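The structures come next, written out as structure tokens.
What follows is a pair of complexes built around chain A, which joins chain B in one and chain C in the other.
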Partner chain A sequence: MSNIAGKAYAMNVITPIRWYMTWINKLIFKTALSNPSTLKGLVTLSLIHYARWVIIPRDGFPRLDPSQPKEELNYSYMLFFSNFNGSWDQYVDSFTFAIPSGLDLFWKWNVRYPKSVPLTPFHNYIRHNQIDTAHYYNAYPMASSNDVKSAQKIKKALINFNTASADKPPEEFLNDYNKLLNDMQHHFGDMKPTPIVSLSADAVRKRYLQIPE
Partner chain B sequence: MATKSGNATALTVLSPIKNGILNQVSFADITRERCLRLPIHEKSPLSKVPNTYLARLFILDDVYYESLPANDKVFNFSDITSLFSDSARKKALPRKDHLKSKYLVFSSSFYGDLDEYLRGMWDNWSYVDHEGNQRDVRHIWEYCVAFDRVTDSAGFIHYIKRCQLDASLFFNGSTDDSLQDQLKALYLKQEFTRFAVEHQGKGAAEIQQAFKAFIERAQPENLASPTWPPGKSTP
Partner chain C sequence: MTQQLDLSDIQGNVIKAYGRYNFQKARYLFLRIDDGEKGRKFIGAITTKVTSALPWGKPGDGSAPPIPQATTNVAFTFNGLQALEIPTASQRGFPEDFIMGMAKRKDILGDDGPSDPANWDKVWKEKVHVWISINGQSIDAVKKRYDWIQEQIEASNGGVVLLTGHRGEKGEDSLPYQDASVLYDATGMPVPKEHFGYTDGIGDPVFEGQTNVAARVLGRGKLMRDGTWLPLATGEFLLGHVDEAMEYPKTAPSPWLLAHNGTFMVYRKLHENVGTFNRFLDEQSQIFDGSKEMLAAKFAGRWRDNGAPVVHAPDDVGKAEWDRRYAAADDAGKKKMLTDFTYNEDIHGAKCPFSAHLRRINPRGSLEFGVSNAYDTPGALVNRRRILRRGLPYGEVKDPARDDGNHGIIFMALNADIQRQFEFVQQQWINYANDFKEGNDKEVLLGNHDANNPGKVVLAAEPGSGKPPHFVSNIPRLVETRGGDYFFIPSITALKLIAGGIVDPT
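Let's look at the complex of A and B:
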């Protein structure tokens, strides 16, 4: 089991939702999608790579063959999958502090959702409904979501700078070069495995090789 | 469509696993062990599937019973029934659900078109398992219901689509560039950061000359090379 791949943590949460209320949730998600400003709070949580909410109707679990027993469920289910940087606590707490009302809106109709404030019942709710990941793959284990976004800015600026300034006289080149470094200073940074990443990767490696902890 | 965010796609797949056993181990547990034993990072079979940003596999054994106390208006109100009898209170508790099948869950965030991505999975998913056997994507899905009918990439695409669930909301907190583009950008960020540090305080002509050599080496507009390989986990 590993919920961690490099700097990313994979969270899987499945929670029951009253089936006759799912249309409201879907409407909330649709509204959020058509009004990007409603997702502003989420955007401030720049530690997220990608996240999704999926609602499975109580009769919507895939059934591929008559030999497969048909599910008979009282509730529909909401899946929440997220890829984020940092620890579990940092993530859950940052959700609570950054977008408590948005969070409550998304989970509002879920059975026994405790609301995001205060923290302890919310922590318990997520832990209770979380499923561990068996295999987690990250295309860039050493990079955070902010690294990926910064990298694109550096790439673009570097290409533009090379086109515009590479062949200027040395003093003019240096002026432009210094300006480039100034403009990009928030986006620089050497990417390495962090201690927690190394420790977890090591634990995964040992488990994989069946070396006793 | 909520499953897309720009060029990024959220694929969510629940494949039912057959309710059976082999050598006293359930098919679900065999599948779980196969997922657990997949090599990680650069060696993960997903590193070979083009345009995979992040992906995961796990087994959904069952759903959880909501036994924790909560701020739920419906159930808070129903607690009033405890004034009358304990059995009335118990009847008002959340209902108990159990799944009749266990499900292999595959979730991927990737760049581009779904059919092309799934074809890439079928064609490129390969790894050597812990016993030294060469495996393809069929090894993971082997015990899923009706998967024995899948024999080619078209069949795999059709199968996965039958197991696919649409996302109600897909949030992209990163970029929706191709993976090749993202990896090249990360390579450039890493290399140019080092370049900037190494050339601090040097003269204009020296930096300019070094910069030209750097551009020649790093080739910022060549996405294919040099770059970071997918899943690169060490500097």
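Let's look at the complex of A and C:
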């Protein structure tokens, strides 16, 4: 069991919300989506792969099979699902400090939401409602989301460069090549294994891979 | 929010960088406590000489005690607090990083290869319980205080042992203390330099409760949305005070009096590979479009000769201009030129590279990447990662072509939360760079570069200029860890509680 795979961490948080309030949250989500500037803090936090908020109505929980009895739930729920690079603390702290009002807006109608500042009650709220990841697969454990974005940009730029400049005379080729380097200069970061996220996670990894202490 | 600190209760080294008060020499002692009762008595004796943070008066004006010849400060490892027999309930309040100690955190800190604890000074194989520092106006003043401390050790009758095993100047490896000293120029004048030749000790965070904040806060506090600077919350650097998250630090020992006005200290002996640095700089500057000094400046974020910030003096021409303005400025103007800057006009790092020591370690507002109003404040991701630096160089460079002398920095960082502040910066910003969108590129000067798989950094060119960036490749390990541990610096009240054996969290 681990919430961590390579450079990524998976976080599931599910919080109760009064069913007759969910329309407000849905409205807030809609407004945020149609007005991208409300999400620019989130987008600028480059450790985040993505974050998703979903309302699950109290009678809408999936069942594995029609024979599974329906649950009688008092609340609807808000599922927050995110994948990010780094540790839980780093992520939750970045959230609180970078976009406290955004968090408060999204969680405001959830039961017993404490507000994002001060930090400890918020930490406790998230921890209390977090569901650990039973199984987590990561196809590119060495890549952070920034690494993936950079790789895509470089690949595209190289292909274009090849098409446009491959047959140019040396002088022009060099100019184009330098321009390519300049355009891509923020995408050349090395990709190497992750800094360890926690000593306990690292111990688990080492035991699993049978790396001697 | 203004707040008055009880300076008579706080240890002096927390508030003052003694180097600024002409304390040119320092000696650090590490001790083991073999007997709780005798140990407490010893700490009680030392406490009588512990230097507080009270301001010093000018000699002769009688308003406040004058600057002493020597200062003394004390801190403990977790094992030290156990040896002094503080109650289990109090021990349990301490954070995990501090309980484990530095050596066990090596995988987080990147202390591998030559920096591995196996290669540290011998003293770190001992049970280190207590740290005592002496800062002196002269080496004689240091020695005098040292002799006095030795008398107290003697008087402890086997209760306390001074640990030996520090590497020294002449190749010896069993010294009973670590000496440190400012460096001197050829005429014997003290200079604010370290062994790679950089000017150091310019910027230290400014926080609520310090004196004369308004004059010093520019470029040193936290950056606000309107471009002004405010002092950081006291709780970032002192336990028992509200921090930037508007709460008291999460993990602090109880009772309150044990934690209040105390803080945590990271002590690290950092060896500087001076020969490798000089060779590397020479080689790299052959292929660099600019002077050797300019390249050295790009590594650090400040120019070596006078500390000019690279963001305002980005190349040789810019530096000459900066120097002219600097020469014309008055004292206050000079200070402002050294500290009051952001990276706002340099979002792409074409002036001060993302990989520069200064920018990695305190990115100021630049983690917004120029997206206007992205975060609550420009420093949202930075304000909780600040540290106070209280170090001095040690040793002498006898041969600038060699690495194997005894020279480096005794680095001491003070913060309320080692994991959140020091360790985060060391792991995420020095040895990794996802926050800077530079993948695994490590900082040039401090990164734990791997000889078998050496790293590189990219010094960005002006975007859109068509000029290629400069690649600094095959970076060797320039700085190696030679020892260290995590310490708790209690308030003077807490010292007395510990010494009296009357810590009681009930």
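Quick notes on this one:
Here is the rule we go by: the second predicted complex is superposed on the first by the 190 of 213 C-alpha atoms of A that agree within 3 Å, B and C clash if a C-alpha of one lies under 4 Å from a C-alpha of the other, contacts with A are read in each partner's own complex, and residues count from 1 in each chain.
One rule holds in what follows: contacts are C-beta pairs under 8 Å (C-beta built on N, C-alpha and C of every residue); 3 or more make two chains touch, one makes a residue touch a chain.
Computed from a predicted structure; not experimentally measured.
Of the two partner chains placed around the shared chain by superposition, chain B and chain C are both touched by A:Phe188. When the shared chain is aligned, chain B and chain C each come close enough to touch A:Ser46. Of the two partner chains placed around the shared chain by superposition, chain C is the only one that A:Ser94 touches, whereas chain B remains out of contact. In the superposed model, B is the one of chain B and chain C that contacts more residues of chain A.
Once the two complexes are overlaid on the shared chain, A:Leu119 sits against chain C while remaining clear of chain B. In the superposition on chain A, contact of A:Asp147 is made with both chain B and chain C.
In the superposed pair of complexes, A:Ile24 makes contact with neither chain B nor chain C. Applying the stated contact rule after C-alpha superposition, one finds that A:Asn74 touches chain B and leaves chain C untouched. Of the two partner chains placed around the shared chain by superposition, neither chain B nor chain C is touched by A:Leu105. In the superposition on chain A, contact is made by A:Phe61 with chain B only, not with chain C. Taken together, the two complexes place residues 46-47, 147, 150, 177, 181, 188-193 of chain A in contact with chain B and also with chain C. The part of chain A that touches chain C in the complex is made up of residues 7, 40-41, 44, 46-47, 85-86, 89-90, 93-94, 96-101, 117-120, 144, 146-147, 150, 175, 177-179, 181-182, 185-186, 188-193, 195-196, 199, 202. Contact residues on chain B toward chain A in their complex (touch as defined above): 2, 8, 10, 12, 14-16, 18-19, 32, 35-41, 44, 46-47, 52-60, 63-64, 66-72, 74-75, 94-97, 99-101, 103, 105, 107, 109, 130, 144-146, 159, 162-163, 165-175, 177, 179, 181-186, 188-190, 192-194, 196, 203-205, 207-208, 211-212, 215, 220-221, 228, 230-235. Residue ranges of chain A in contact with chain B, taken from their complex: 1-2, 5-6, 8, 10, 12, 14-16, 18, 25-26, 29-30, 32-33, 39, 42-43, 45-56, 60-65, 67-75, 77, 79, 81, 83, 106, 111-115, 121, 124-125, 128-129, 131-143, 145, 147-152, 154-155, 158-159, 162, 166, 170-171, 173-174, 177, 181, 187-193, 201, 204-205, 207-208. The residues of chain C lying in touch with chain A in their complex are 104-105, 107-108, 110, 244-247, 250, 348, 368-369, 371, 373-376, 380-381, 383-384, 419-420, 424, 427-428, 431-435, 437-441, 453, 455-456, 458, 460-461, 463-469, 471.
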